[in-house]
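One chain, chain A, links the two complexes that follow: it is found with chain B in the first and with chain C in the second.
Take a look at the complex of A and B:
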């Protein structure tokens, strides 16, 4: 049944629907969005919201592409023309995989870095996908086990904590939300924003350097993108 | 002097950032630091002993307070150094896991033969950690398509087929495009995906 659905979906997806909304365009938009997500994630100091739906859509499409490659490479001898097409599909697949890989691994590296901060901050946990949460918990567990076994358990009790904020230096590593970032404005922000008591107007297509904390919200809505 | 051992440990971690392999685990040095910290703790306990506190306070002598303060600082510094050392090593192990390469030779130096196993320089807790972290990555990766290998190359792909030179005998590999006999110093034109792991592990060099 699933196979039929795929074929049907493909047919539906390939034609322009009556409302004039082009599915092909939607696919392209998804890919552009993924590229933007990768850049945002790499430039932002903290972990951004996980875009589950977008990733699901793209992963589903890559599955179709893999099927396409598998089916057609079996009949390689019959049709010579398909060889080039196969190469193009395969390279495209590799590129999309690369984007997803970079996106997920950038997130994981930030999750590893700010584990304690994220765990202590309910809002941050909500930004992660369920598998990222379980990765974070599990990794923290094995890492603390390592510390404990190696030396922590043999130190005086007073020093065994891993989230100690006393003694002048906090052990919890936090993202620097005031980090300056380069941004490009996608849509003019209707009201000027306040940066250190200074009003800044953000006009469409303008490129600015601003503190991340000042424009965080607009990145989430998509009115501003990081570059 | 207090703190010297911890200093050595941090210097060791710093030195290993320049090395392609992870050096031997400094078990003895770490034990020394732990002993030193526990000695300091004993001293702190002695100093906070009520008798001594009341005795010195009545004399208006602040030497004890000062000594107490320094001991606390030294203990905390020791702990930070221990953590920094272990964290650096743990990060190296993570990096190795992501490279599919637990032999300890990084790809920065493809000429190096993967002979000396990193396992030799790890202590058993670190080995355990490496094993568990590998499992963790594999489990996380399972959530996605089979074709999406998260441990793959983090450079953007350019071509599907690439030229490679064999740095170390691999033997025969079978791919969709036939069987290749990868002997040292030979060159091949192969599908990148078929040999990606061998490149990561330092058997092949991309030309």
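Take a look at the complex of A and C:
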């Protein structure tokens, strides 16, 4: 009888979730999206758009899980069942945390590298989250102060700049947008793409190596993903 | 500093394994279990002997606790893999179609759930090794085709791509620089030619 009730309950659960907003599916989509963001960020030469809403949603869920762990670890008499549940919840939390950490660290490493370029480029600043912007500003300030104190102040004034572009060589490090990247096509691109005067057709599920600049737009739309 | 250098050019095999662990797999629970709310996906109510699809990492925990049996994916048996192997030999110019994470998944299932597989593990291991080698030879031969514009690698799996990534990316980058230089020279030649013609005129 118990089992029958279980099946019945499940059926009711499924029905209600199907009719309304399917939370289960939304959760899964969010996680898949986060994994793709990590991969995109790792493989793209420039800093990509920060997906604040997605991160907020996932962070809110991680907080709920932490609460769950805290409440359930307090009880002294642990049932066997709750122990396994706790272990699963903890492990998943670690996995998600790892993804978020990798995402943020990858972004920070690019922000450090391209600080001057990003600062001089309003569109690039817009791609960062507010905390990333304040990190970038403070970090750069500390760095320039250090440089000045250590050696720049002793150089002739002309040579003190950190963003000198004269003399044929720019001091500003810019992302190399022509870097070859590995991509997988999610949706066939209706017209062929011009790569070095060669027409390339991008078919669904095809795997290509091309210049990042040639397919950058399609990555933003999501028709192509980096791998 | 935020990200060590070895993380920048490609993925570590461990990271690819991590991605593969999120693939779904079918299990046959031995015991019933209440559902668990998770961040990414919920673990549904498990009923003994009723099949359920869950992420692999979760399946492996349950398996380690002896709470479920893993139903191996349809491609993880000698007959299927042998057919792909024959295909590899028959068409030397393309790769046969295998799952995106076939190497990682088969490795994990062979080490952690070998008793659930339909064929003897050592037979599966050996056909996977053969398949891997023939594909490796092909992808290395394919490196001859490298040019500065683009490269097509259909049906290669993520782990296999990751292996050749640093080399391919580097070579294409250098080739591109060379061809850009040639182009620049050409256009500069044309300019000087124009100039000379002007003078002659």
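Convention: the second predicted complex is superposed on the first by the 204 of 227 C-alpha atoms of A that agree within 3 Å, B and C clash if a C-alpha of one lies under 4 Å from a C-alpha of the other, contacts with A are read in each partner's own complex, and residues count from 1 in each chain.
As a working rule, a residue touches a chain if its C-beta (ideal position, glycine included) is under 8 Å from a C-beta of that chain, and two chains touch if they have at least 3 such contacts.
Just so it is clear, the model here is predicted, and its values are computed rather than measured.
Q: Fit or clash for chain B plus chain C once both are placed on chain A?
A: Result for chain B and chain C: fit.
Q: Could you tell me if A:172 is touching chain B, chain C, both of them or neither one (first, second, both, neither)?
A: A:172 sits against neither chain B nor chain C.
Q: Quick one: name whichever of chain B and chain C touches more residues of chain A.
A: C
Q: Is A:91 touching the first partner chain B, the second partner chain C, both, or neither of them?
A: After superposition on chain A, A:91 lies in contact with both partners, chain B and chain C.
Q: Who does A:124 touch here: chain B (first), chain C (second), both, or neither?
A: neither
Q: Thinking of the overlay built on chain A, is A:227 touched by chain B (first), by chain C (second), by both, or by neither?
A: second
Q: Under the stated touch criterion, which partner chain does A:54 make contact with: chain B (first), chain C (second), both, or neither?
A: A:54 sits against neither chain B nor chain C.
Q: Is A:112 contacted by the first partner chain B, the second partner chain C, both or neither?
A: In the superposition, A:112 contacts both chain B and chain C.
Q: Scan A:24 for contacts with chain B and chain C and give back first, second, both or neither.
A: It touches chain C, and chain B stays clear.
Q: Given the touch rule stated above, what does A:62 touch, chain B (first), chain C (second), both, or neither?
A: Once the two structures are laid over each other on A, A:62 reaches both partners.
Q: Kindly classify A:133 by the partners it touches after superposition: chain B alone (first), chain C alone (second), both, or neither?
A: In the superposition, A:133 touches no partner, neither chain B nor chain C.
Q: Report, in whole Å, the shortest distance between any C-alpha atom of chain B and any C-alpha atom of chain C after the two complexes are superposed.
A: Superposition on chain A places chain B and chain C at a least C-alpha distance of 5 Å.
Q: Where on chain A do the contacts with chain B and the contacts with chain C coincide?
A: Overlap of chain B and chain C footprints on chain A: residues 62, 87, 91, 93, 95, 98, 105, 108, 112.
Q: With touch defined as at the start, can you tell me which chain A residues reach chain B in the complex?
A: My answer: residues 59, 62-63, 66, 73, 87, 90-91, 93-95, 97-98, 100-102, 104-105, 108, 112, 131, 135, 138-139, 142-143, 145-147, 149-151, 154-156, 158-159, 167, 169.
Q: Within the complex, which stretch of chain C touches chain A?
A: Against chain A, the touching part of chain C is residues 1-3, 7-8, 11, 18-19, 22, 32-34, 36-45, 47, 57-58, 61, 65, 67, 148-156, 158, 161, 165, 168-169, 172-173, 176, 179.
Q: Per the contact definition, I'd like the list of chain B residues that touch chain A in the complex.
A: Of all residues in chain B, those touching chain A are 30, 33-34, 37-38, 41, 72-73, 75-76, 79-80, 82-83, 86, 90, 94, 98, 123, 125-126, 128-129, 132-133, 136, 139-140, 143-145, 147-150, 152-154, 156-157, 159-160, 176, 192-193.
Q: Enumerate the contact residues on chain A facing chain C in the complex.
A: 3, 6-7, 9-10, 24, 27-28, 30-31, 35, 39, 42, 58, 61-62, 64-65, 68, 81, 84-85, 87-89, 91-93, 95-96, 98, 105-106, 108-109, 112, 178-182, 195-196, 198, 200, 205-211, 227
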